[in-house]
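This is the structure I have questions about; it appears just below.
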Amino acid sequence: MTVLQLQELSKTFNGIYALSNINFTINEGEIVGLVGPNGAGKTTLFNLISGRLRPSSGKILFQGKDITGLKPHAVCKLGISRTFQSSRPFPRMSTLHNVLAGQVFGKGFSLHTRPEDEQMAHELLDVVGIAHKAETLAADLTLSEQRRLDLARALATRPKLLLLDEVAAGFSPVLVKQAIKLINRVRERGVNLLIIDHFLNLSQKVADRLLALDHGEKIAEGPPDIVMKNREVLRAYLGMRYQDEEDD
Amino acid sequence: MSFFASKNTKFRTQGLRFHSVGLMTGLVLLILLPALVQSNNYILQVFTHALLLANLALAWNILGVSGSISLGHAAFFGAGAYCSAVLSLEYGFSPWFTIPLAGLLAAGLGLIMDLICLRLRGAYFALATLAFVEIPRVITDNWDGLTHGSLGLVGVPGLPSLSLGTWVVDFSASITASYYFVFVYSLVLLGLVRFLFSSNLGLAFQAIREEEIAAEAVGIPANRYRLLSLLLSAYFTGVTGACYAHLVHYIEPGLVYGLHFSAIPMIFAICGGRFTILGPAMAALVIYPLDQFVFHPLLPAGHEFLYGVVLILTVLFLPAGFWGGLRKVS
Amino acid sequence: MWTTALVSGISLGSFYILIALGFALIFGVTRNFNLAHGELVVFAGYVSYWLWKVWAWPFVLTFPVAILATLLICLGLQRLFARLCEPLELNSIVLSFGMAILIQNTMLFWFSGDYRLIRIPTLSQGLHLPGFYLSYGQLTLLFLSLTVIAVLYILMYRTYLGKALRATIQDKGAAAQAGINVAVMGTLAFCLGAILIGLAGPLYGCIHYLYPSTGHEITLLAITITIFAGVGRLGGIILAGWILGLAESFAVILFGTSWREMVAAVLLLALLAFKPRGILGKGEQ
Amino acid sequence: METQRPILKVCNLNVHYGDIHVLKQLNLSICANQIVSVVGANGSGKTTLLKAVAGILRPVQGAIIYHHKQIQTLSVHEVVRRGLVYVSEGMNVFPFMSVLENLEVGAYIAREKKKDRLSLVFEIFPLLADKLRQMAGTLSGGQKRMLTIARGLMSDPDLLLLDDPFLGLAPKDANRLCDALKQIRRYDITLFLAGQHVRRILRVATKAFLVEEGKIALAGTGEQMLGHPHLRETLFGIVAESGVEIP
């Protein structure tokens, strides 16, 4: 069964293609890595799926349902949640309330916080390892803690598909290992993941499949070890895609 | 930088406990005030007005908590005052009926404002509200047939007497009665604001203030909640305007749509602490009497410079407001 | 009637340009909205009025003093603005709003709330030209405003300093990388702004009654014109000033004097609703 | 040899970005009249290094010595006055100024030399000479990049810092820029580049550094670096593992 289906998805900014004609499918139970050099269109793709941007053409199907053009909050309620490249916590709210916002509004709305919501929020903080900071203001967390908070808040909305934007960027090997563990725990909850992994320090170890973009186009897809050997992908990463056109 | 200092970022009850002693003392003092001042009319009048302004600040802050700074709440205040005054004076409706109606008119105006300012944030929203006041003001000014234009409305009826069995409360005869009326209204509004902010609505308001994009991503329809906070804020500002009209008996466009009623609630809310429940009301109850009892006698012309100074000092040195700063210390 | 309205609209509009230029310059270079702008214009007007009326100075000689007075206040204001924390634009609005209240009440204290006018008899006479009437006041306003605009144009477009100012308005970071001291440009903008305010104030006192709370209207005009033009376009400001002057002038004919005050507000709201980056701005950010 | 005179020395530089420690005790020295390139994975600190040298970021610790004088406490415009000019990766021209005016602003601190500098710029970027009256905001991406570099040249620099000059350029423009860079060097201007377009940047370089986790991990000539297995591994960790030849 497919979770997410992108059909001929394109996005232009002032007539310039940021993404062109992307076709891709994520199947039930999969973790997919989204790779590509800077400016490849990875974040644009995230913004399209999560409803921040409207595609110029094409369709996005989520669990068979057309979600093209829905607003971010509506997309979230259907079960797609995301984190941000530079994490965006609610700085002047406590860590716990950050997560509670996701817990309370992610699926519906209740006027008052129920005890089980609060318990769930604590549990999620525990999952990402910042339970001891529940009462700290989000602004006072370190950057890596803020990233964890971002993840906890996204999980609190009980997503079916989670979009992770550069969770492990700049992480030391130890932290990367932790992140991998974390991702596997998330997967065990029955969540599908799409992970932007510019530095390629995650997807090789956790992803079932990779989608490689360059200049807004899909240049490869498939199992990590095969995509990684793909000539186009290597060239894109080393900035030599147009080497043949070089005249020196 | 942390604006919220204490842990109860969601306006929890436990956060109020520390202040509850002070709060209770203040409440008792306010209840006993008429007896304490032996019905000194001037002092009672000042505090009645201070409570009215406290309500304006509380109402302003419903919008303030969700992150928008409005410089144009006089639009709602004036519209509320005129609506209730015209309906009761010209058409003979009872103020008990026209006051809530005035709130509705103000909320309608809020809806229009939302339609115009939908996409605006921060500084641009503030500028838009500054311009927005002019529209109801000029319309009121020019609708001579209904509003008597810039002459204003004289003799707006007072609040009708309430009779509870044999006990009759006559608002027109007793300032003490008016005082208690506004006091009860303040308590009701305060309770409502507290309920609002400690419910999940408060959570949503704060989330869209802090980081709108993330708020939407976790399922909070930001525009809808911003509209809600604007409507509630406008409604209670309108109701307060209507109360003002019936208590003062005289209104004119330059007065009720004036800069004064736009500036005052903002100044009190910011000085008291924009992200607190009580702060705005406290500021009103401290600063306005200070102005009236100390600065007004000293400087009959220009005593309102105090508000400017207080605002400047707060923005520069206590961005969390006084009450917010206090919480930081505790 | 229509030609008279046209002439008075253009003359008024030119004056509006003069009023808005200082505001736009300060905003462009430092991103500070100065809501005390109108109050400063009125203050300059009062200074001039006082010297002219009480000390019987020749009107022309009051300009330097008015300029000096606003200059001092503006430099003080800049110090305060420099202390603000983020978000800068919003906090500058709140701060200068407080400043406006402060200045307004100071003027109320010093000059009382009475209406004052710098009544110079020759300015109210005029020429009866075929089809319309042109007062010397309008003529002076037009002439002075256009002169100031021309001088400012030369400064901004023909001198190195002006180019550096424009560069700072358009891209602060890039300007610094070109060796421009951005902080000095900020001070310069406040100084130029103050000079423009000091020039506009006494003129305002000639054509409009001075009273402490009239500054609000001027601020609104300045904001409207600045938003219309978008950041950093002198041409846009000129166009916006004339459009606003003409719109007000025709609104008076069509609807009556009392509706005039709404023109700037409605224009500003329409701009903010549909074109928040300015009519001519094509999304600079 | 005259070309071996060091123009810039960076000693034990520590720079934080927010609460991340980006540059850790970084040392490096650059000789005059070279094209020096810095490469490294994303987030390794290339841009941070350039910005710190240009005075945009303030180092927590360490010294930046330029022409034998410490400059790490100077502000951006003072650094520029000493002949050290930074050109950022964004194509940030002054959009509402003509191309000529953009160049004139570049010469703000070297007004008396404006004419000479202009002719130099036109020699290197002849394309700009044809577009002097055009508004800079209406130029194409490649032209904007050229204009920003040209504007940097107008300030009469000894050392020109270019942050990812090839970012977002079409191959044709990138080739043209490569030639221009080589030409600039002939005017006794030292170039210090950083960027992701590893191959291009290394090819044009006379000397190159690899930054890894905030330190210099490798140094050598451009060609040496291109062939170095460690560089391949760092920039594209998978390559070594999967044993694929880089094309």
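Miscellaneous remarks
So that you can tell them apart, the chains are marked A, B, C and D in the order they are listed, and the count of residues begins at 1 in each.
Here is the rule we use: a contact is a pair of C-beta atoms (placed from the backbone, for glycine too) under 8 Å apart; a residue touches a chain by one contact, two chains touch by 3 or more.
Owing to the predicted nature of the structure, the values given are computational and were not obtained by experimental measurement.
With every chain reduced to the mean of its CA atoms, the largest distance from subunit D is reached by B. Compared on C-beta pairs in contact, A-B and B-C come out with B-C as the pair having more. One inter-chain figure worth recording: subunit A and subunit B are separated by 43 Å, centre to centre, where each centre is the mean of the chain's CA atoms.
The distance from the centre of subunit B to the centre of subunit D, with each centre set as the mean of the Cα atoms, comes to 56 Å. Subunit C has its Cα centroid 32 Å from the Cα centroid of subunit B.
Subunit C has its Cα centroid 49 Å from the Cα centroid of subunit A.
Taken as a graph of touching chains, this assembly forms a single closed ring in which every chain touches exactly two others.
Remark: the chains found to touch one another pair up as A-B, A-D, B-C, C-D.
Of all the residues in subunit C, the ones that touch subunit B in their complex are 33, 35, 80, 83-85, 87, 89-95, 97-110, 112-113, 213, 216, 220, 223-224, 227, 256, 258-259, 261-262, 264-266, 268-269, 272-273, 276. Put simply, subunit C touches subunit D in their complex at residues 160, 163-164, 166-167, 170-171, 173-182, 232-233, 282, 284.
Every residue of subunit B that touches subunit C in the complex is listed here, in rising order: 1, 69, 71, 116-120, 122-124, 126-128, 130-135, 138, 141-142, 149, 258-259, 263, 266-267, 270, 299, 301-305, 307-312, 315-316, 319.
Subunit B meets subunit A in the complex at residues 1-4, 7, 9-10, 199-201, 203-204, 206-207, 210-211, 213-222, 275. Chain contact summary for the complex, subunit D toward subunit A: residues 18-20, 41-43, 166-168, 171-172, 174-175, 178, 195-201, 203, 235-239, 242, 244, 246-247.
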